[in-house]
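Think of it as A, B and C in the order they're written, each chain with its own count starting at 1.
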Amino acid sequence: MSILKLKDLTIKFGGLIAVNAVSLHVYEKQIYSIIGPNGSGKTTIFNLITGIYTPTSGEVMIQDEVTSGHRPDYISKKGVSRTFQNIRLFKNLSVLENVLIGSHNHIKTKFIDVLLQTPRKKTIERQSVERARYLLSIFDLEQFADQRAANLPYGPQRKLEIVRALASAPKLLLLDEPAAGMNPNETEDLMQLIRRVRNEFDVTVLLVEHDMGLVMQISEYITVLDHGMKIAQGTAAEVQNNPAVIEAYLGKESA
Amino acid sequence: MLLLQHLFSGIVLGCTYTLFSLGLTLIYGILGIVNYAHGELYMFGAFLAFYAALILKVNYFMAVVVATIGMAVLGYIIERAAFRPLRGYDDTSIIVATIGLSIFMQNLGIMIFGPDPVRLETVTADISVNIGGLTVGLQRIIVVVVTVALIVALNLFSQKTRMGKAMRACAQDLTAAKMMGININKVTITTTIIGAALAGIGGALVAPLYLVSPVMGIKVCTKAFAVVILGGLGNVPGAIFGGFLVGIAESITAGMISSHLRDVVAFAILVVALLFKPEGLFAKHMQEKV
Amino acid sequence: MKKEFLVYIAILVVALMFPVLVDDVYIMHTGVLAFIYILLATGLNLLTGYTGQLSLAHASFFGVGAYTSAILTVTYGWGFWPAIIASAVLAGVCGIFLGFPALKLKGPYLVMSTIGFVHITHELFLNWVSVTRGPMGITGIDFPPGFNLGEFAVDFSNPHHYFYLVLFWVVIVFIFVYSLINSKMGRGLKAIRENDIAAECLGINLKSYKLFAFSIGALFAGIAGSLYVHYIGYVSPDSFTLAESINILVMVILGGMGTLLGPIFGAVGITFLLENMRFLAEYRLIIYGIILMLIMFFAPGGLMGYVLKFTAGRNNEKLKMVQEDE
């Protein structure tokens, strides 16, 4: 079953074509990577999928529904959640609150419940906190739960973004350079976590990453972009031996 | 003919808005500070010219020079004492701090100069010139000529001099400019001095035309906010265009429709413009980097 | 019982005792004004402190509420209670009216547009003479009707009695804001303040949340406006200028943005401070300006924020307590 389809997706900023007629197909529970040199349009594709940008032409389909043109909150409700390359945590809120906001759409308390302090509110609040703590524990962040998110070290901040995204119970999880700034041990750890999350929560993972070690080991399918265009796709082995890919990364002489 | 008369008044008004807004937009572009106290520089400039003429008995030209130099010095003091400590603060703190500065300076003005408005009497204010059937005061012509000259000078300064180039670099990217070895402190001081001096000249230029009072600055300041937003914050050509647009629209509306609407025009234009172009009329496509 | 409730109840008791302990009519008068400002500051805090939308248009909604009540009671002979409700609703609608263009704006652009808004409403009060009577203003606004509480006759022309009317509204507004902030809706507002793009990507509808904050903040200001004119007895355009907006913003900031008690302390503190600085005469505003700058330099989070920095984790404790409650 396909969860995400991009059809000839194109976006122009002024004269610059940031993404040029990219099509791809992501299946349920896949770990799928988009790679490419800097400025090749990877993050722009994430922004198009999540509705931050509206494509100039082409469309994004999530579970066979065209979602391009909708706002990000609508797309989030369709089961898409993401992390950001330049971390976007709710810095002055606690780690736990960050995760609770992640599960915003699943917390069904009404304003009146809070006004009257109903038992219903307490039950729901307790359940959400328990769930949030469980998610934090998977990523070994439980001890930070009551700290301000801004006080976390860099690595845990990246992980917290993933936890927050997971809290919305997504079907499709977009990770934008989750290993950036991590050391090899942390990256290895992260790779295990991504696999675990995929299996435990039945989530599809779409990854943008520069760490080739991580990408090649974890990805079941890879699309390579250069200057906004798809230049190759396939399994890790196929992509690694593709001359167009080597040329894009290393320049013409090396090819 | 009446329309032409209003148009000319609008251009004169536009000149004051432009001189004012240029400083505002430069300071925002480079220091990232919305200087709510800019109006007080304008007011002090006008009073300085007035008292230079009254006490020092200098001629009008020298009075303008005194006002300019005085405000440049004040600009230096403000940069060191107020703007530099605010570097890196969030928008809210900066705006409230400059509002505090504005309240302080405005009431200092009331204490020093008294609350009553005065008018700077000059020879130029009484002479009228007939241009093709249009009667215009000499002082108004001076305002236009000086403003145009200053815009040209500012342009030359930013294109030709080292400091001007450094300023443009800082406006683009402060961090990168710093890494290229540009002395940021020098640039911010120069910018504030230029901005303050422009406001001072503006004040001195209108002193013979309009009433000089401690609250004159705050009135122009809020309209100049509309101007710089209209032109896009930090955008110099935008501020010039916005200044003249608002000046002319205000003058024509007040003259042809109703003088009650005089003070609303700027904001009405602003609200309409913002509805369609939230980043100002001249902003390039500015999408926050996600 | 949660610790924070004890604090709220203690504050409420102090407020209830205030008219009993204070004889001086002038101090009582200042107290009434201070509590009207609590309503204003709390509304602005919801918008600026919790939702992160810096606005200097709050005096507009204060004015809309004041004029609505004045016009309905004086010109159309409405009673106080329907008039105050109408004031709240109309101010709330005006909040949405400002909220729409403000949706796309951020930072200095938003602030400057709200400054524009306050000028437009001021000009409207000043120039729409057939309705607002222009610069003359509207006079002869009655106090709300009194009633008998057993043996005791409540007379709202007495500031000691009027204080309780204002306090009644303050308590209602406080309970409302408390519930809101501790609901998921409150978390959504804070998320928008912290990072709007991330909030939107987590399913929070920016448009409806921001409009909600604009309208509720304005609605409280409408209530304040109505209470203000029925107390003062007249209304004129000059009460609702940018200076008033700045005043309210300063209360919120000094008290501590995004805290429940901040606006209360800010409003009471600033109102009494400004009244008590009257002996300074012409130096008063000069000193006020300097204080404002110094506080921004040294405690940009406001005085409450300054204190809270050293008692970290206030939000988290709340959540801990939710668990311990069970």
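Methods note: contacts are C-beta pairs under 8 Å (C-beta built on N, C-alpha and C of every residue); 3 or more make two chains touch, one makes a residue touch a chain.
Being a predicted model, the structure only gives us computed values, none of them experimental.
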item	value
Remotest chain, subunit A as reference, centres from CA atoms	B
Chain closest to the middle [Cα centroid of all protein chains]	C
Mean-CA-position distance for subunit C and subunit B (Å)	33
Whole-Å gap separating subunit A and subunit B, where each centre is the average of the chain's CA atoms	47
Between subunit A and subunit C, centroid-to-centroid distance (C-alpha), Å	41
Sites on subunit A at which at least two other chains make contact	52, 84
Where subunit C touches two or more other chains at once, by residue number	197
For subunit B, residues that touch 2 or more chains besides their own	290
Sites on subunit C touched by subunit B in the complex	48, 54, 101, 104-105, 107-109, 111-113, 115-117, 119-120, 123, 126-127, 197, 242, 246, 249-250, 253, 257, 282-286, 288-293, 296-297, 300
Interface residues, subunit A side, partner subunit C - complex	50, 52, 71-73, 76-77, 81-82, 84, 88-94, 96-97, 100-102, 104-105, 107, 109-111, 113-115, 122, 125-126, 129, 145-148, 164-165, 168
Subunit B - residues contacting subunit C, complex	28, 34, 82, 85-86, 89-97, 99-108, 110-111, 222, 225-226, 228-229, 233, 260-261, 263-264, 266-268, 270-271, 274-275, 278-280, 288, 290
List of subunit C residues in touch with subunit A within their complex	175-176, 179-180, 182-185, 187-188, 190-191, 194-195, 197-206, 312-313, 315-317, 319-320, 322-323, 325-326
